[in-house]
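One structure, pasted below without further comment.
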């Protein structure tokens, strides 16, 4: 590793020693406390210059290489700071899309407000169009200088707390389905917008559904041309560039002490079967960390292949399931008793039943495991694609 | 259980006490010894009246109900007698098909020779038509009173030792694929026939490939009409009616002592993980025994559904894999050293690497696990069928 | 017996076929009105003498629609009383007066203890029925909201001793086997319902222009679930019908059944996709009941180890 | 380093790209001629100083085409000699004079001992190089015919002591780690080849009127294999690059890699169908080498337990 990176690592470490919040999990037992902590931690990071290392040169905190970003993420995971959940979409998805597709005027309008803490969410998924984005049906009709939008969006992360929304809508039903999509920036305070949290099975509400009833969006708030929405959406979807999974894998590795502690407390440290299951899981987690690390290294070196990202996501989601399942198993009956969740506590809070259920968000959301398997087989390995249409004939057999 | 069945059970048990071969595994280290033992045990069974309990009333040893057959099988498994591998196709597949489709003349010609020990094999599978029988290509052209047959058959159980063969051939390429098939009885000593054993990966040779080069088969040796082969083959395929899996499951249960013995010998009896794996496997085997038992009970009661047989086969094949895999694991490095196989020793000889590899015959042959899953999903659960044809269009994504 | 089973199953299926889960109080009334609490009790004790057959059918039906309430605990009390001369108490229990018992150990995990008149206290050498009144209760909410468990303070041990010494050991084993049987039945009923719900969803929901049920990868997973379920059901009835099945063999069977329930409930969530992650869809109810069933009455680690150990001792 | 790895990989791939497996004697000549036996040895000892990087690339290449021969054992001997003043013996070993070492414990499972001049005897407190001549050998044929293992009689212990006491413990751990690294590399090379072969087969073979590769259930299984393989490869290189990786962490990594090899080799047989069951197709060669690799050098039970125990001690 280069000296410059070592220097950065040292600098981040020193900064964290002073600024990293302590005992934040214990205080994050209500939604209000969670929101307050997220906002203040974000402000601290902006001030320290560590909130937007991925932004282009010239923007505050920006201009860091991917290798530098990796160092920053590693150090934050190591210090076990709160993840930036509330402003993640703003600083990554919204900002990256604006940098790539926004006009100078649009960038000047939105980017500074992100620094001030404006929250963005993503309005892509719909009922009936989860993993199949091309099939989405929220309709925008142009009337003069505005689009009039009607429809419903689902699985919008933190949508109930957001100010702005990256909205993918259908402006045409002609031609291939992807060609009829357009990308708009929606002010969530506009009339006709209702955002409601989705009650998740483990008690958290990190997603919202958004109802759009004759909502008017100025044409000036469109990114790219009408009908170009699919392409704009691709840059939103690829904006976080593998850092998240690197961080999450490292945090899972760091949380293995929770299982080890339970084993000790239950005096099962001489149970050869438990020891082996623990050792096996550790290898699997280490492999997941290594594959996330390698993915980012390949990306930095420009060697990434289509489908590589799916491998990392699938490896992580399956391993997270194994991790939480082992915790749940060793937790026994105690893990079945309800305990309040830690808001924003991550995927491994030691509240095993909650963590286990939460792990389903990773195997389902953001492209389910099944969709990732299709991508790996078809795009990375070049196996024939699932036919887009087929004729069903009854077999004679 | 009725008194009559109890009486039968007692009678079989007493007969077995006198006639069951002892220590037969130890003597079955060569093919020749295996063949000799199979022939003599079959002759003993014919004499005792227990070789053909499933034959219709009026034929020697026949006329037993399915419930009675079950009792006989259970007692034979319990006494750990050699399975009738060499004459299994003769007494079940050939005989049942002849009883259902053969003319009186055909029955009189073939059935008595089965009792005398004539061996049959099945010539259905082909290279390129394993699980997809309808696609088979071995060609029969009628010339006067004979069919002239050319082609190749594969996976013919014990085909290299057989005298006769149940042969499925294509007589037409018109219409749906199944309609072009015809069912013939082939004398394997006819000119142009070559049967060669297939070398299996664990060293056994229980299957043969059969090459047919301008082989002439008299039209008189056809079962059913020309083009009716598919229907005749169905009765061949359903001839054993679930008894085999009942027997095999019971034998697997009976062989668990082999794993228990290894654990004791290796002084791992206090390894909680090993104990749990053993206990878990025992439940799975018991469940497989129970499902085979229930299947037969449903069949006796006329309650069998399409697809039920696939459940039994899939449950058995997966459990056999687990059983042999646990043996292989506990066997450790010792199990990796080559040991001579026991011919006809069954699926669980304690030669773990051989047994493990042999278990693939069950997950692949006779309709692979994948084909069974299709049948269960489509026929038993009524999910839509895999399309018979489809148009592949490139996706725009 | 087969006729009895299917007759029982038909009646049970008709009783609960509405909401998921049905109202707890109404369910309890229905269960007592239909005489389900007396079905397993021998005829000479005022029951219907249908034994384990009835236990299996009833708890499969309750599991299928996730019925709330203390039925399993109640049946344990009834079983404990039915071998004694406590006819009056037995009659009250069979008539629906709530009496509870632990679904775990000692005085923990007792369903509906707050409305129970008595509780069964199982110790290694003594089994007693104690009045609940005057004892401290601690509600232990589980993720599964269809169960209401309580820990109970020991307090006064005064009560009716039902068995002591060897008789207590024997009764304790019988109760353990019965608890496993009931939890297994509940698991298999729930697994069956979750699998049906999933197949229905796959057939209805379309993605990429066709029903999900047409995707072979999903069909194969459904086939594996069905196979596991059918085999577990067969094992269940084999053990239920086996008079020699004791606490360990019933426990191992329960571990197997609960494992299949959990597999199916997990796959149900995954195959439902996003909607399966929300409280508004009943998928999660099955998953929560499955994991709780797996943890109650001894978990798989416990029973599989015990079964393995016994096999080595043989 | 990345450049070195891919240069090495290219060279290794060109060396073995024919038969499966290639002829043993020719392979040995090729391996020695290309200087592979000296690659890991430090430059001041006459080697190329490429360390674990070279070990990884070489054994992946050997595993990929199932090369026969005693290379892993030879590398253990070379590693043991390279820390000593035995320059002459080291030179002979690097030049291809066969010297062997156990792939299991003590004097068992020694590859090609019948043509080895010396063997490495690793005891807890003493590591020695003994001449083979005059010792009784017992051939121990394995199901995997690409390995030729022997058990050796102890006989005369006269030989060259390479390390004693604490130094022997340290060297023993280093050798154990190296053996695990080599077996893991071999496993990952084989897994990669078996997976490619399977994908090729699925794309070529047609059933029910279309290529097998179009069946989604099979594609998903291939995707799972690929994911497991890529993750295991990443873990392999992370451990190879980690100077602190000791016997336990290398052992756990080897268990992981061999597990993935076995998964892929098993699925390769299943997805090849009937042809995979026959000796005429090379599928079975991968399965046999996979299970042997899993059993050699400590199996998964051994290493996973050790890794778990250490984690609890931390």
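Order as written gives the chain letters A, B, C and D; numbering starts at 1 within each chain.
In this section, a residue touches a chain if its C-beta (ideal position, glycine included) is under 8 Å from a C-beta of that chain, and two chains touch if they have at least 3 such contacts.
From a predicted model like this one, the values you see are computed outputs, not experimental measurements.
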Shared touch partners for subunit B + subunit C come out as A, D
When A-D and A-C are ranked by contacting C-beta pairs, first comes A-D
Subunit A to subunit C, mean C-alpha position gap in Å, rounds to 39
The distance between the C-alpha centres of subunit C and subunit D, rounded to whole Å, is 51
Multi-chain contacts in subunit D, i.e. residues touching at least two other chains, fall at 214-217, 219-220, 301
So subunit B residues touching two or more other chains come to 272-277, 370, 373, 384, 386-390, 392
Contact graph of the chains (line, ring, star, complete, other): complete
In the complex, subunit B touches subunit D at residues 125, 128, 130-132, 135, 154-155, 198-201, 273, 328-329, 332-333, 335-338, 353-354, 356-357, 360-361, 363-365, 368-370, 373, 386, 388-390, 392
The subunit A residues in contact with subunit D across the complex are 256, 260, 263-264, 269, 272, 274-280, 282-284, 286-291, 293-294, 301, 311, 314-315, 318, 370, 372-374, 376-378, 380-381, 383-384, 386-387
Residue set of subunit C touching subunit B in the complex reads 2, 199, 202-203, 211, 213-214, 216, 219-220, 222-224, 226-227, 230-232, 234-235, 237-238, 252-253, 255-256, 300-301, 303-309, 311-312, 314
The subunit C residues in contact with subunit D across the complex are 215-217, 219-220
In the complex, the residues of subunit B that touch subunit A are 134, 176-179, 271-277, 384-385, 387-397
